[in-house]
Structure formats: C-alpha cells, structure tokens
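Let me begin by handing over the structure; questions about it come next.
Every chain is named by a letter (A, B and C) in the order it is written, and numbering of its residues begins at 1.
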Amino acid sequence: MKTFRIGGIHPAENKFSAGQQIKTAALPKQAVIPLAHYIGTPSEAVVKRGDLVKVGQLIGQANGFISANVHSSVSGKVSKIDVQLDASGYKRPAVFIEVDGDDWLETIDRSRDIKRECALSKEEIIEKIKSAGIVGLGGATFPAHVKLMPPPGKKAGVLIINAVECESYLTCDHQLMMEHGEEILIGVTILMKALQVERAIIGVENNKKDAIHHLKKLAANLKGIEVEALKVRYPQGGEKQLIDALIRRQVPSGKIPVEVGAVVQNVATTYAIYEAVQKNKPMIDRVMTITGKDAPNPGNYRVRLGTYLSSVVEEAGGVPAGTGKIVGGGPMMGRSLMNLNIPMAKGSSGVVFLRDEESIRKPVQNCIRCTKCVTVCPMGLEPYLLMAQSERNMWPEMEADRVMDCIECGSCSYTCPSNRPLLDYIRFGKSTVGGIIRSRTAK
Amino acid sequence: MEKLIISPAPHIHSGDSVSKNMTGVIIAMIPALLASLYFFGLGALIVTLTAVAACMLFELLIQKYILKGPVTILDGSAAVTGILLAFNLPSNLPIWMIIVGALVAIGVAKMSFGGLGNNPFNPALVGRVFLLISFPVDMTTWPVVAPLTMNYLDAETGATVLGILKEGSASLPAIKDMVIGNIPGSIGEVSAIALLIGLAYMLFRKIITWHIPVSILLTVALFAGILYAVDPETYASPLVHLFSGGLMLGAIFMATDYVTSPMTFRGMWIYGVGIGLLTVIIRTWGAYPEGVSFAILIMNGFTPLINFYVKPKRFGEKPNKA
Amino acid sequence: MLPDLDQIVFIKAMNVVLISLLTLGVIGAVAAMILFVVAKKFHVFEDPRIDEVEAALPAANCGGCGFPGCRGFADACVKSDELGDLFCPVGGNDTMAKVAAILGKTAVVQAQKVAVVRCDGTCEHRPRLNEYDGVKHCFIAHNLYSGETNCSWGCLGFGDCEISCEFDAIKVNPETMIPEVDDAKCTACGACVRACPKLLIELRKKGPKGKRIYVGCRNEDKGHITKKACDVGCIGCAKCFKVCPHEAITVANSLAFINDDICKLCRKCVEVCPTNAIKEINFPPRKPKVEPVAETIEA
C-alpha cells in the first residue's frame, strides 16, 4: 500500500465520531462572520449596520488575489461591523448579524436532487468558485480558485483529492464521503474540467475502508477518476506528502505542487465546489467534528459559519468534565482555544476535548540525540538542530538547514522522548527567517 | 481544570520517554546478562551489581552535591552505563577497580560534560579503556568458562580468541562455541546469540534502527573476508572476527548509544563503516588484540563532524520520475 | 689512557644536552624569523585612537549604541566626521565627553534615559483567564496567541526582557508577573526594548532625580474592551489630554501618550486619570493639601 517516503508517525486514531450521521446544527441567534482567514488579506465589508441580509448574500468582498469572498450564512439584520477575538486572542474584523428567520437567496438551489450535468466553461467554473468564496477546508483556508489558476507556463497533469484526514479524532471528511460521495465525484469532474486534466486520484487512508469501497463503486463508471487506499500515516494530508504518496513525485523546496504537475484539493472543498457550481450555494456552512475521549456525543455537525462554537458544543452535549484543553482542529496541528466564544470560521474542522492529564506537557529533559525527530520528519529536516539554532538566534544557519521547508506537522515534538518543545522553537525560527527572507527580497 | 490550557501544537504526545528507552535497552541486555551469569557464575553477578550500583551512586552524588540540580538516576541511563561497563570487564576483576571504572565513566566521561545527552564519548567505554590502560594485566586476564561457578577472584583464567590469534599460542575454539559464548572473555561479550536476541528486541521496539549494527558487522565481515581471501594463513576468517571479542557487544549496544552516534542514516553508515574498518585494522595490525572499544571511541570523536557535514535526505531532493 | 666509565657517561650525557639545546635553539630561531616576517608582511594599520576610545568606553559590549560591541562603536567614532548621533547610552554624557576630547570632536549632549515598562497589568489588575503551557518565553507565547489575559497588548510575563538585560536591571516580579526596572542599574542600552515582542518597553528621559511620568499602558482597543480586560488600562478618555497645560499629551487609537520632551512633570494628568493608568515615579508622597483638588476632579 502506498504512502509517502520520508518520515511520518502513527498517532492513536481515536476516531470516536466515525460513522455518526451528519447532524444539522440549530440556527444561531446571532452570527458573527469573520472577514479574515488565517491566510490571505481580510475581505472588505460591503454591508453596513442596519442592512437586511439573506442567506448567501455577499457581505465581504475579496481584497486582492489571495483573498476570498465572504457570504452571509444567515438571514437577518446587520447589527454591527466590529472586531471579534479569533482563536489566537487577537481582534479580527467581523460582521455581526442578528438572525431573523431563514430566508435564502432565490438563486440558490436548495433541493436535495443531485445535479450531474455541468455545461459551464473552464473560466465560468473558476469564476463561480471564486465568487462563492470557497477556500481550502483542510485547515489552511487557502482560496480554492487560486490553485485552479496555475502560474503561466505551468500545466497541471493530475488532480489529487485529499481525502486522507490523517489527523486523529477528526471524522468530518470521512462522513461527508459516506453521505455525499456522488456529489463529491461530480465536484471532482468539475475540477478536472476547470484544470483541463484527464486524471484525478482520490487518496483515502486505509482506516476508512467503507469510504474507499463506497467511492470506488461510485467511480467505477467515471473516466479518469481513481480511488487509492493509502497506508495510515501522519502527516499524509500534507499536500507535498500526499503528492509523493500518490504519484511518487516530490515537490522541490520552496515550490508549489503544480511544479510537479499536480493540483491538490481537499475532499470537503470539492463538495463545496459542487454546491457552488451546481447549486449556486456559496460557502456558508461546513461539516465539523465535535469529539473527545469523554465527549458525551461525539459526532459530525453541519454548522453555519459565524455560529459561536459554544452553541454548537452545547448542542453536542457540552464540554465534558475534566477537560483541560479544547483544541480547534485536529490535535496535531490545531490551535488550543482560550474559550468557546469564537465564531465558526471556514477552516474550523473540529473541536476536540482533551482530558486534564493529556493537556499538560511533561517536563523537558536533555536532548539524548536519539535521532527520532530526524527519523520522523516528513521533510527530511533535523528538528533537534533547528531548535538549538532557534534558541541561539542562528537565523542564517537555520535558513541553510532549510527551516522554511518545515510544514509544522508536529511529528518531531510528538515523538521526542525528552518532551522537548521542538516545534515551538522551530515555528518561531521559521517566522523570523521568513521575515528576514521577505525583507531581503523586498530590497 | 479551572483554566483552559493553551499551548502550541501538537497537543498530543507519543508517550515515549527517556526512561522507557533506557528500560528497553536494559531488557535487551537481559539475555546477554543471563548468559554471562551461566558461563561465569558468581563473578559475573558481583561485577555487574557493583558496576550498576557504583554508576547510579556516583550519578546521584554528583547530581545532588556537585551540580545541585535535579536528580535523574531513575531514568535508567546510569544503570545502562553500569551494565555496559560490567559487560566489558572480566568476571574476576576486583571490586575496587570496578568502582574506579564507574567513577571515570560517570564522573569524567558523562557528568563533567553536562550529564545525559552532552557526553561526546560513550561513558562505559571510557571507563573500560581507562581501566584497560591503567590495569592492563587485570583487564586482560580472562576467566575460562565454568558454568555457574562460585569462584570469583580466584577463577581459572585462559586466553581469548583474539589473544590466541595475536599470540598464536593455541588452537581456536569452534565457531559454535563462539556463537553460544562458551569462550573466555568479558562478561557480556561472549555470547553472540544472546546479544543478537537483544538486537532483535531493540529493533522490534524501535529503540534503535538497524543502520549502525548492520553497517559495522557488514564492514567487518567484508574487510576481514577480503584479508582472509588474500592470505588465509596470516589472517583470521571473517566468522572468527564476527563472533569473537567485543564486536557484537560493541556493534549492538555500545556503538548504538544515542548520544554519541550520528543523527542521520547516511551518517550512521559512515560511522558504522568507520568502526568496522578501524576494528579490523587494530585487531590485525595493532598492539592490542581487541580494537572495538578504541574504534568506537575514535568514531565517537568524529560524530560531531559527521553531523555537521552529513544531512538527511531532504524532501524534494530525489529525482522525480516523469 | 682509557677514560673511566663515569667519564664516558658524562660525555654522552653532555652530548644529549648539547644536541637538545641546539635543536631547540634552531627551531626557536626559525620560528621567530617566520613570525617576524609574517607580522611585518601582514601588518594592518589601525588607528591608535580606536584603542584609546575603546579604553574610555564602559566595555559592556551591550550593543546599545547600535554597533557590535564597544570596539565597533570606537571604530565608528574615529571614522565619522562628527559624533552627531553616535552615543553610548551606558556611559552617558561623561563618556561621550571623554571620547570627544580624545578625538577633538564635539559630543552632542543627550538627556539620560531609562527603560520604562508600559504595562501594569498585574495579576490583581488583570485576571489570568487561561494557562499557558508552552515554552516559557515571551517570543514563543507571542508567536502563538495574545496571552493569558483578555488584554492582547499587555505583558506576557515570561521575562524575555530579564534574559536580555546584561546589567541585571530589569526583573520580573514573581508576584505581579510584571517586569520592574532598577533605575540605578539601567543603562538605557535598549536590549529589553528589542526583546519585548509586545513592544511594551520604551526608553524615556530619566528626568530630574529620576522623576518621570508615563502612560503605563499600550492597549489600543476601545475603552470598553480595555476596561473589561484590565483595571489599570488606558481607555482613551482624553481627560489627561484636556488637563495638560503644556500640550504634552496626545491621544490616538484610544491610547494616551506623554511626550517626555515637553512634559514638565506637573502631575495634573496623574490626578485626573480615572483608571490610574498614568504612572509617576520617584516623586515625593503628595502633600495632604493637594488631595482635595484631586477629589473635586474625581467627583
């Protein structure tokens, strides 16, 4: 069975919410829709206080190339445009909407019928994806249309659909594939058309055998779409790792996947693209997993953007007693949340409750140079060395040792027997070195 | 918990720890320890217990009264050093010499550099080589195998395989005896089969990777094989090299010491090949009959250099298939 | 006559001594010649005044002047036409006068400065709402999130400033978790200013007898948000701006700033500040007669 060729770990899977039907979360009383994402420029608000908006109406205009439109996920009255704390505690612009009913734009097709035919041209498809504000739902929230427009001179040869879901605990993509497999495959054909490629591979880890089986059956009579089972290995969902695993090509340092002729889209993004292109539905909701070892009802929920996480968690049975840490996203790459008064954003793939005893890091000991961090690093870096360099502010040396290649997957910190905070230091070094490189190229 | 915990990702840990790894190494040494207890009886027991106790005691005293820092003797690293030191000693060594060896191993080779993780040379080997140079007679008088004997200091002695090779005084024992361990030698080095069981366990538990042991053994076998092919009269057969002296012990437990071995697979190959070549060179042309300890210590010295120049295979460096 | 055994031994011993002496002597002579030639050939002329200036400097090598170490600064002083902006914060005006005397240039007299921490968000004033469990360094915590409190501008309290200080002048008070500056030790080298990821530390005029007034807050959020997060935050009410007779105070982004070049240390702003965000340092305790004035303003 295929997997990527360098490094990798296998954390306990803990997929408690696997097989749970996607439930639609209740409509929130107030929606706070962030205008900024983790990646890209914040979009500009195009509504003002007192405006009445409908579900699906544009409220934030994309600002620049790497930016995405934002649409209202609810109908009601704009109460204010203000700042809202994001997951890292910093203020971000957001549109506050008091919800009143559930009035959708007429252009959106809300029927459950599956629409198979797509007569749109390549440009029309990309334009539709762009105006629907679709971003990568794997977590990085990179605008989806940007990836569909390779830089001049580069041509994609194969479309790769990332259905790996290598983070432990999370099951939202798995469940989406089980319930909306057909729509996802239509999304894949739309993407193939947009990219003008003949071949698409859907990579699924082998711990989702039912999904592999399901998709294989559906894809049997579709030309050019392959479903590939992959060995369970973290971080296979990393773009570069997935390309390596599926087509045995490694994206060179500092380059984008299209360099080796591949474009990667997340499976949930593909579903959103189907909805946008075929049903005119912009990006206004997503499926997220709420789970944890003690979670009362681990499950998958379809949640409108802008819903406070607290209300979704309440619906899922509340925060279990003895929770020491709440992670937004998967436990390897997610952010620990300060509280649940954070609105659901496009990149929120899950909420994971960790127990007290799992939350506290163990005391740091000396590096015993066991080479485990070097062995597991999927990018072939030397985490122990990068950490030491970062501690000593050796930025040129860090750059020479390719800190910018780090994908921040956390495998090194996860595996370190001395509990050393390798990634903490490397991440800091990476941001500093990144700043140095930017100021150098700006000159 | 009253307040939520905030920390950078990742939020989960493998649960691996220094003490788990060290315990794993100790478990892997048990077969060799049992074999030595059988072959050398009471002497092996006394030497091993003394070495372990002395190493742990010195680590405790130094951490508590000289460094005045946290005491970490329970992480098992001192015990590993103690057992490895004992494995390198003859079973009739007087107790005071063992204690001196333990002091050099822990005090000089390990703690003076800053404790676990900072020592450039393998502590047990430094202790052993110190004893070998200081007390050459005691360190090279090997008791002959006497199953479950109760003799300690007054055990009957005989020459090791490599000693016989050097001196040419007697005929070599059968390979079968060397594999099982029915030969004179240091406590832990005699039974190749027990050491290999330990290696299998460590590989299974992923405590070490195969690169260092395999590269050393392969190099020794190849180099000694070439010499043997050229002149079987002068040079010993590769099998004798593989199963005699401290090669197995060195390749499996000493050279694979985390702290003093290179950090990359390519580096491990260079390191292993270096140890293999040096071992055969010292054994064949050197003054001492045995060269594994010196070979490992010399390559320990090269480890920082190897780490500096040899980088792991980076992602994206491989030529892509079209 | 054959020489006896003792004599032979003596002559042999003398031979050994002689040979050793000769060998050593020759090696020494050759080495001396090589060294001499090399020293002549590769001699680099260095302005001797650099050494003189360096000797006059405090030898702290703190980098506060913006040059790598005292020698770098001395080199710059000698090479520049005018001392101008070149200033050694550690040595101060006295040192610069000495440097100027050595070089025959004029030093610009600068006011003595001291580091002030523009945050007073102690545990008492600013409750901790979550617990940070990463590496205990400000720069790493800052890289991750806004901090343990609701104020995303305030001090994180892990003491990067303390680590950066070479003079032992700034220390995090373990009770308040806020760094405190020791006036006597602070040399205004600016290391802590660069170390603080929240940009809380500022070099301000030390003032006569160390008296100084500054706004102990950097929170640019709107007043109600600041107020919720911290008892002593500046809420941007502009009372100080209105009361200041010297126009030394500006308010921007809900945050007041006192210009230390203009401030006359009248302390009127301190009295009107509703949140006690304006700090006065090294002033004598207020006389009782001033109090009624303060009360009427508060009322």
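Definition applied: a contact is a pair of C-beta atoms (placed from the backbone, for glycine too) under 8 Å apart; a residue touches a chain by one contact, two chains touch by 3 or more.
Owing to the predicted nature of the structure, the values given are computational and were not obtained by experimental measurement.
**Q** Please identify the chain with the largest separation between its CA centroid and the CA centroid of chain C.
**A** Checked the centroid distances; the maximum from chain C is B.
**Q** So, comparing each chain's Cα centre against the centre of all protein Cα atoms, which one is closest?
**A** Given all protein C-alpha atoms shown, the central chain works out to be A.
**Q** Measuring from the mean C-alpha position of chain A to the mean C-alpha position of chain C, what distance in angstrom results?
**A** That pair's centroid distance is 43 Å.
**Q** Roughly how far is chain A from chain B, centre to centre by C-alpha average, rounded to an integer in Å?
**A** Spacing between the chain centres: roughly 48 Å.
**Q** Chain B to chain C: how many Å between their CA centres?
**A** Taking the average C-alpha coordinate of chain B and of chain C, the gap between them is 51 Å.
**Q** Please set out, as single numbers or ranges, the residues of chain C touching at least two other chains.
**A** Chain C, residues with two or more chain partners: 129-130, 133-135, 140, 143-145.
**Q** Where in chain A do residues touch two or more of the other chains?
**A** 335, 338-339, 359-361, 421, 424, 427 - these are the residues of chain A that touch more than one other chain.
**Q** Out of chain B, which residues touch more than one other chain, so two or more?
**A** 1, 4-8
**Q** Write out the stretch or stretches of chain C touching chain A in their complex.
**A** Residues of chain C touching chain A: 129-130, 133-135, 139-140, 143-147, 150, 152, 221.
**Q** Quick check: in the complex, which residue numbers of chain B touch chain C?
**A** Chain B residues touching chain C: 1, 3-8.
**Q** For the complex, give me every residue of chain A touching chain C.
**A** That would be residues 85, 87-91, 335, 338-339, 359-361, 421, 424-425, 427-428, 431 of chain A.
**Q** Using the touch rule from the top, collect the residues of chain B that touch chain A in their complex.
**A** 1, 4-14, 16-18, 20-21, 72, 75, 77, 114-118, 209, 258-265, 307, 311-318, 320-321
**Q** Using the touch definition up top, name the residues of chain A that touch chain B in the complex.
**A** Going through chain A, the ones touching chain B are 5-6, 9, 11-12, 168, 240, 244, 248-253, 255, 260, 322-327, 331-339, 352, 354, 356, 358-362, 365-372, 374-375, 377-382, 384-385, 401-402, 405, 408, 410-411, 413-419, 421, 423-424, 427.
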